[in-house]
Each structure stands twice: as structure tokens, then as C-alpha cells.
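What follows is a set of structures to go through.
Below are two complexes that have chain A in common, paired first with chain B and then with chain C.
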Partner chain A sequence: MRAERRSGSLMAAPYAAFLLIFAAYPILFALVLVFLKWDLVTTPVFAGADNMRMLATDTRFWRAVANTFVFLSIHLPLQVASALMLALALNRPLAFRSFWRAAFFLPVVISGAVVAILWSNLYATDVGLINGVLVRIGLRPVPWLTDPSTAMPAIAAMVTWKNVGFYVIIYLAGLQYIPRSCKEAIEIEGASTWQRFRFLTLPLLLPQTILVVTLSTINGFQLFIEPYVMTGGGPLRRTYSIVLYLYTNAFAYQKMGYAATIGVALALIIGSVVFIQRRVIGNAEAL
Partner chain B sequence: MPSVHFEHVSKRFGATTVVEDFNLDVAEGELLVLVGGSGSGKTTILRMLAGLEEVTEGRIRIDDRDVTALAPRDRDVAMVFQDYGLYPHMTVRENLSLGLRLRKVARTEIERRVTWAADMLQLEPLLDRKPKQLSGGQQQRVAMGRAMVREPLVFLFDEPLSNLDAGLRAQMRIEIGGLQRRLKTTTVYVTHDQVEAMTLGDRIVVLADGRIQQVGRPIDLYRAPVNRFVAGFVGTPPMNFVEGRITGENGGAQFNADGMRFDMLPGRMPTTMPSGPVTLGIRPEDMEVDPQSDGPRNGSVAGRVVLVERLGGTSHVHFDAGPNRMLASVTNERLPAVGDAIDVRINGERAHLFVDDQRVSSAS
Partner chain C sequence: MRTLRRIGLYTGLAIAALTFIYPFLWMASATFKPLSEVGTLALFPTHATLDNYKTMWARAPFGRALINSLLVATTITIAVLVFGSITAYAMARLRFKGRPALNAATMGVLLVPGQLTLIPLYTLIVQLGWIDTYAALIIPYLFNATAILMMRQFFLQIPQSLIDSARMDGMGELRILFTIFWPLSKPVLSIVAIFTFMGSWNEVLWPLLVVREQHLMTLPQLLTVFSLGGGAGSIGVSLASAMVLVVPVVIAYAFLQRNFIESMAGSGVKG
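After this line comes the complex of A and B, so read on.
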């Protein structure tokens, strides 16, 4: 019994160590930093509630929060709709189905920086592929990343494209679990294709939808690499995300205490948004 | 109520033929049971009637309407599935009413029909529950209610009782039979359970390898099975088969097998005497066991008891007659013990003779 317990602890030890060093320690360190002023070079100084007071009145921070919400308001619906539609399409008997599934999953495993550089070229105003197509069909080119009103939507569309394969997998798994007899029963009962989707498929995919919304919310709040590479937060700070602002404070201004405060605030925001989402969607299920 | 007609229906999946030249007329208001083992094609036939499976050849009519190419929703049939196929996210009430809502039936009419079905199936207290909060029997009733409210032309049942335990299965069998007799809806019922088939069916279709073996009333299948397959399939415990030969004249023909001799009743023999190997078939309930053997007599076989199963009312006596293991179903008070030598009287009126697995003689 004791030997069994010892070998169990030993086997869990590597992961426990990993967790302590790379998750628990940074979290504790960040919580401590909230009350400190530190520039990475000199000795940290106790700052009391200074960082929190500064955060409350920092218009740049709140601007970044608003920007991130704009991003999510475009990204979330787009992500759910695109993943669901692709999953439905890929769930049908289709020529080269494995190829399509792999193709849509590929962007998930490509580095975010690479994708951002690739899409910068696609979005380029004068030489980009997208505008090339628009011009060819007789439309005017759009300054995707340099116009304040289109920059964030453009980034949202790109992030949606990059992640869709992952969420398609989640939806495909959910589709496997819909009993065949249910699908046949509703077909015999007289449902059209749309009605089958509306009354059977969509409600039965609710657990997957909750998961997709939750994961893409958490992921979306951490928006960083795309604006960092593509826009630097511009134009007119419209793509300045929370994490980009955190990064700037930490490694450009070397305000480690303040950056940690932003990080903790971000964690709290994510936590409360996800909590509200689960409440809302959970209630929808009960209806 | 409409009738259903299968005309030269075949179904092939690639090179595999699942149903071969299937012809059948289901009468108005009839409860017809398709019975057979797995792979017999019974479920495929039902699914072709529902429109869930395409017909490779032939056509299916409901009354005069050719439904062969119609989508399931346009056939006006209702189906009860083996796993019920209830919508897990909907309450019982919603499960019952969805089909009517999809067909744009008026709200008051939906209300009336749901109340009617719930009343008939004792579902009122369950109307606001979800399927997973119901027992197997209750889910089964909801599935039947969902078929009933549609008031379809034809009911289709696909092994609806297989997921229930034995007691509940017997009870639901009685309920389904009673319900069908009251509603008088033409019904096609698929099962692998011959007891279910015998007790429920107005007529039974026995299938094997995608072909009809025999169609008839349950008692006809029991009394006069056309071949050895049907004879062995219908009846519990199954019929005993003994391989042997016929000797002697038509007037005094005798069945001879290893360790067994049996005088065939005159008039129960085919006109041409079978010269090759034959099979004698005797149902366990058509034998009488005399616990004391006093030597071979006419119409009886001598055997040695190897097992006695006491079921209460009846008992199964397993015995060896020569190399043949046989089973007699008896109601005697005095049962033999294992190892006893016994005399088993065979009811000659009820003995069946098979040549090349086709029945050539027997009982009326």
C-alpha cells in the first residue's frame, strides 16, 4: 500500500513540479508584484495600493479593455458560426474528407506570428491579395489595417480563421453523439433540413457551443501577437489590446508592478465574463 | 386504414444482397410481424418502407400511392425505434408535439391529440419530464405516443421491446397489441423474438437470408411449417429433429434412425415414398413420457434421461434416444430421474417429415 502510494507520488511529481514552477509560482509572484514598484533593475519598493489606484483612472487601460471587447463582439459570433457550419459540412459524406479536415486544422498549429505576417500581406492595401480580388470584381480597395474602423474587425476575422479548425473538431465530436434514431425520427416526423438543424442538431450541440464560447473568450481576451505584429496597436490605438498594453508596461516602460496589476485585472475580467456567459447559455438550455 | 404492398422489392449494398425479390401485401388494419434472425433483412424491409433506406429494385405502395421514391416525411408513416429515438433535450410533451408542430397542425388540435395519447398511455404525470428522467418502459410509451399523435397511415415498429427486461417486455407486448386493436392502424412490426411474433401478429412473415420462408397466421406456422427453418424457429422450446430413412410400404411405412424406430401413420405420408435421407420433426409438447420403460412399443421411442428442468407447471425432460439428444415438454406429476430409462410416446398426428429441409407430410 505504502509502496503504491510512493510510486504514485513519484509519477505525479514531474507534472506537479511543472505546475508549481510555471503556474503557481508566477501567479503568486504576480499577486505580490501588484503591491510593489519594480523596474527589473533596482530593488522593488512597497507601493501599497498605488498600482490599483492608477489602473482605475488609466484611460489607456480602459481603452484597451474596450478594444478587446470590440474584438470579442466580432470574433465570438463569427467563431461559433464558422466552426459550426464547417463541422456540419465536414460531417457529410464528402470527397477527400480527411484532406479538408486536415486543411482546416493546419492554421491551428502554425505559429501566430507567422500567420500574422502572412495575413499582413493578404490585407496590404495596395499589393494585398484580398484587395486585388476586390479591385478585379470592380470594388474599391479597403485599407484594412490602416483604417481605424476596419483594423480590429480585420484582426478578428483573421484570428477566427486561425482557430476555426480546433473548434470544428469539438463540433465534429459533438455531432457523432447525436443518436441516429433521433435524426431518423425527426426526418420521418416531417422536418425540413433547416428544421432538423433548428430543433435537433443545434440544441444537442449546446454543450459544445458552451465550450467553444468559453475557450474562444479566454483565448480572445489574451489577444496580443496579432496587433503586436500587424498594427502595433494602431491606428489611433484602436487595436491596442489588454495584453499588448500589459506587455508595453512591462517591457517598454519596465513597470513590472503595474503590468502585474493589469494581468490580475485581466484574469478577474475573464473570470467574470465566462461566469456570466455560462449563466446565460445555461439558462437558455432550460428554456 | 390503408394497405401496404411490396412488389418485387430487392435491396443490395454493393455486391451484398440483403433482401431478394420480396413480395408482400399487408391488409388494412392488420398487425403484420416480420420475424427472423440477425441478417435476415427484416429491419431493412421496414426501413425501406419508412424511406430511410433506398429500394434497389421493385416498388412499395401504400394503398394506391407509389411511395418508393418519396422522402420519409412525405410517406405519412410513424416509426418506433429500438432505442426509442426520443429527443433528449425536450420534455415528453414537446417530444409528443414536435411532429405536429412541424406539420403546422393547429395549437388546439395538438393539445387535444397530446392529451388523448397521454391519457391512453398513462403519460400525464410525466409530460413535463425529460426522457432521461424516465424508466425504459416509460420511454417506450412516449415513443409510442409520439407515433400515435401523428395519426399516420402506417405504424412501423423496429424491435421496440429489445431494450426492456423480460417482465416489462411481456407487459408492453400486451399494451402494444391492445393499442393496435383499438386504433386499427395498419402496422408492420419487426422482431427477432418468435414469442413476440406469435403473440402479437395477425400474420407472421418468417425471413431468412433476405427471403420469405413462410407467411401465415401464427397457428399455421406452428402447425404446418413449410420447411425445417420455420419449424425450428417457431415454438419454444424448439422442435426436435431426427435424421433417418423411410422403409416399408405406403400403408405401413416406418421411420428408421439410429436407435429409433417409428411407424408413420397411414395417410400422413407423401404419395411418392422418399428414398433418401429424411428428417423427422417432433415438437417437445407432442411427446409423452412414461417414467417406466417396458420395452419398445409402436409409436414410442426408448431413451435415457440426461437432464430434467423443472419450470413449475411444465418440465423439460432431456433424453438420449440412440445418438440423438431430444427434449420433451411434460406436465406429469411423476417425473423421471436423471439416468432413468424411459419410454417416450410420440403423437403421430403431430409428427412432421422433412425431405431436403422441405416439409412433405404431417399433421393437419
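After this line comes the complex of A and C, so read on.
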């Protein structure tokens, strides 16, 4: 018993120390940095509520927040619909099932940096693959990433494409738990395919839908490498993301206190948006 | 009617699969095309060339970046498996003071978004003098809370009788872990190994913050800097440099796709 205690403490001690240095300290220091003005070179200065006041009136920050909501308003419905559709298709008896699944999952294993570089070429106005197809079928080329109205939707579509395979797996897992007896019962009642989907499959997949919405929301708020590589935040700052703004403040402007304040604000925004989403989706189900 | 619907289903699936695979095929073929052909839709270049690869290799230290990426990702993966399983073993099978607190802290860490701690961690690295060192890329990732919780969950299911009889034979806890628990835990160890390696291999924001010296950059960072800084100069060259990052992953994925899907979907890691 005493030996067990000793080896237990010894074996857990390195991890406990790691948590103190690389988790507890940064979390606490983030809250301290909110009140500091610090460029990493000179000594930090106490700034009171300056950072928070600045953030409240910083149009660039709120522009980035608004951009993220534009991104989410396109990305979330698209992500849920595409993942659900592909999962329903894959849930039938199929030849080459694992091939289809592997194909949809392929972009998930590829680095976001690569996907961003690849798609900035696919989206290119003159030589891009997508405009090449459009021109061939007689349409006019679209300046995807250089037009302020299409840049963010283009990025949202790309992120949906990159992550859909991941969410297909979540939905497939949920579909396996729909009892056969329910399917048979609703078929005997004479329900159409649409009715079966609307009143059986969709409600029973609610836990998966909540998970997909939550994960893609969190993921959406962390948008960084895509605008960094593809647009630099432009055109007209329409694709500037919150994390890109945080990175710019830390790296280009050396404003550690302000960058940390953006980080804390972002954590709070993510927490409240996810909380509200769960309440709304939960309530919609009760109706 | 039935056959018609099946044809429709397979056509739909084939078109969907093509939209996921074709861009990567186009990318691979574009790296072998001379500049004049890059804009074409054709998958096979009429005048295939290795110039893009030669240019990319000559202009930036991609060989070095490949070694850096392998070194960083391998070290982190081994550390997460070895140190993580030691921690998970203690948390699952040994009673000691502070165990409940450690469990709670591990859960708590998972709830904190990375952006909250990003800047404080960065200032810590600066103050430790670790900017432009491997330490900055590796040490903050030596332990992984998700991995520890997954391994702990798995270790909880291994029968106590195995531990008891091993102790009777005079085995120490570490020997029990590595000679009895490890062989029984291959499924969870492979899941942890894949998502840890992939997470590290694809990570780009953290290296962008803590590394400025080109020779210490990992592949995704060098690729980003190279393509953005105009070092590439042309699409073919920039895509050729992306291939260095993609090809090893696609080869591993082709052989281990089941494990990849299980691992990355289970952990919530998305490149």
C-alpha cells in the first residue's frame, strides 16, 4: 500500500509539474497579461483596463468577429448537410464501402497549410481549375478570392470540403445505433423515404448533430492558416479572422497584453456561442 | 427502378469521391508541368519536367525541414506514448495522494481553448530563451491530456489479477506497465501514436510563433513562409514543395487508412 502510493506519486509527478508550467501558469498569466502593456523587450507596464477598453472599440477586432459569423453562417449548414448526406449514402449496403469512406476522409489527414495553398490555386481567377471548368461549360470566371463578397464564402466552402470526412464518421457511428425495429415500424406505417428521414433518422441523430455543430463552431473560431495563406485577411479585411488578428498583434506589433486580451475574449465568445447553440438546438427538439 | 436507383447512388458517390481526390491528383500533376501548362485541366503533362522540384529544393532548405519535421513529430509521439502511459497507469491503477485532483485538472485542460494560452505560452518560451530551438517545438507537447485520458480509460479495463500476480513475482510498476499493459494496449497505443504524430506533423501556428530561423523550420511552416514570401515564384514550385509534406502522409494513409480514420475521428484532431 505504501509502496503503491510512493510509485503512484513518483509516476504522476512529471505530468503534474508539466501541467503547472504549461497549463496552469499560462492560464493564470493570460489573466495577468490582460492588465499589462508589454512588448517583450522593455519591462511590462500596468495598464489597468486599457486593453479591454481598446478591444471594446477596436473596429478591426469586431470586423474579425463579424467575419467569423459570416464564415459560420455558411460553414455550419453546409457542413451538417454535406456530412449527413454522405453518411446516409455510405450507410447502405455498398460495394467498395471502405474506399468511399477513405476518399472522403483524405483531406482530413492533409495539412491545413497544404490545403490552403492547393485551393488558392484552384480558386485562382485566370489559371485556376474551378474557373477552368466554369469557362468550359460556358460561364464567366469568378474572382473567388479577390472579390470581397465571394472570398469568405469560398474559404468556408473549402473548410467544409476539408473536414466533411471527419463528420461523416461521427454520423455513421450514430446511424449504427438506430434500432432496426424502429425502421421496420415506420415502414409498416407506410412512411415515405422523406418522412422516414424527417421523423425518425433526423431526430435520432440529434446528439451527433449537436456534436458536429459544436466541433465545427469551435474549429471555425480558430480559423487562421486559411486566410493567412490565401488572402492575408483581405480583400477589404473581409477574411480577417480573430486568430489572425491575435497573431498579428503578438508577432507584428509585439503587443503581448493586447494579444492575450484577444485570446481571453475569444475563449469567452467560443464558450457563450457553444452554450447558446446547445440551448437552441435542445429547445428546437422539445417543440 | 431499383437498378436505376443504385446506378444513381454509385454515380453520386463517384462524383463526390472525385471532388475529394481530383484536386490532389491535379496538384501532383501540376508539379510536373512546365509553367505554360499549369493552367490546363489535363491530368497528364505534355512536356513533363522535374524543374519545379529542382527549383524548390535549391531555393529553400526543404530537406532540412523534412528532417526537422520527422525529428519533432517522432520525439513528441514517443514522449506522449511513454510518459503518457506512465502517467495514465498511475492515474488508472495506483492510489496516491492528489490523484482525484490530477484527474480533474486533466479534464479541465481539455476545456480551455488553445488561443487562451497561446500568448502566455509564447512569452514563456521567449523568457526561457527557447526561441529558435527544438525545445520550443517539442517540450510544450511532451504530455497530451487527450492521450492520457484515452490510455487511462483503456488501462481501467485490464484485470487487477494481472497486476497482483506480477507484483507477487516481484515486478516493479514500470515493468508491469511495459511488459504486461503495453502488449495488451496496442489498439489504444496506435490510436494515440497516429493522432499525436499527425497533429505535430501538420501544426503550423505554433512554429510560426516560436521559430524564425529557416534551418529550424518544420515542413508546414517552411512551406507557408516559402509560398507566401514569393520564394516559390510560380504555382508549380509552390505545389512541388507542398508535395514533400503530402506524399509521406498519403503513403502512410494508403496502408493504415482504417487506423487513421479511427484515430483522428476519435481524438478530434483535424489537420
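Just so it is clear, the second predicted complex is superposed on the first by the 264 of 287 C-alpha atoms of A that agree within 3 Å, B and C clash if a C-alpha of one lies under 4 Å from a C-alpha of the other, contacts with A are read in each partner's own complex, and residues count from 1 in each chain.
The rule is short, and it goes like this: contacts are C-beta pairs under 8 Å (C-beta built on N, C-alpha and C of every residue); 3 or more make two chains touch, one makes a residue touch a chain.
This one's a predicted model, so the numbers in the text were calculated from it and none came from an experiment.
In the superposition on chain A, contact is made by A:M11 with chain C only, not with chain B. In the superposition on chain A, contact of A:E189 is made with chain B only, not with chain C. Contact with chain C, but none with chain B, is seen for A:W100 once the two complexes are overlaid on the shared chain.
Within the superposed three-chain arrangement, the count of touched residues of chain A is higher for C, of the candidates chain B and chain C.
Of the two partner chains placed around the shared chain by superposition, neither chain B nor chain C is touched by A:L205.
By the touch criterion defined above, A:I74 lies against neither chain B nor chain C after alignment on the C-alpha atoms of chain A.
By the touch criterion defined above, A:I170 reaches chain C but does not reach chain B. When the two complexes are overlaid on their common chain A, residue A:V213 makes contact with neither chain B nor chain C.
By the touch rule above, chain B contacts chain A in their complex via residues 50-52, 71-73, 75, 77-79, 81-89, 98-99, 102-103, 146, 150. On the side of chain A, the complex with chain B involves touching residues 179, 181-182, 184-192, 195, 199-200, 203-204, 206, 285.
Against chain C, in their complex, chain A makes its touches with residues 1, 4-9, 11-12, 14-16, 18-19, 21-27, 29-30, 33, 38, 40, 86, 89, 92, 94-95, 98-115, 117-119, 121-122, 124, 126-127, 129, 132-133, 136, 161-163, 165-166, 169-170, 215, 218-219, 221-222, 224-225, 228-229, 232, 242-243, 246-247, 250-251, 256, 259-260, 263-264, 266-267, 270. Residues 9-10, 12-13, 16-17, 19-21, 23-24, 26-27, 30, 38-41, 83, 86-87, 89-91, 94-99, 102, 105-106, 109, 112-124, 126, 139-140, 142-143, 148, 172-174, 198, 201-202, 204-205, 208-209, 220-221, 223-224, 227-228, 235, 238-239, 242, 245-246, 249-250, 253, 257-258, 260-261, 264-265, 268, 270-271 of chain C are the ones touching chain A in the complex.
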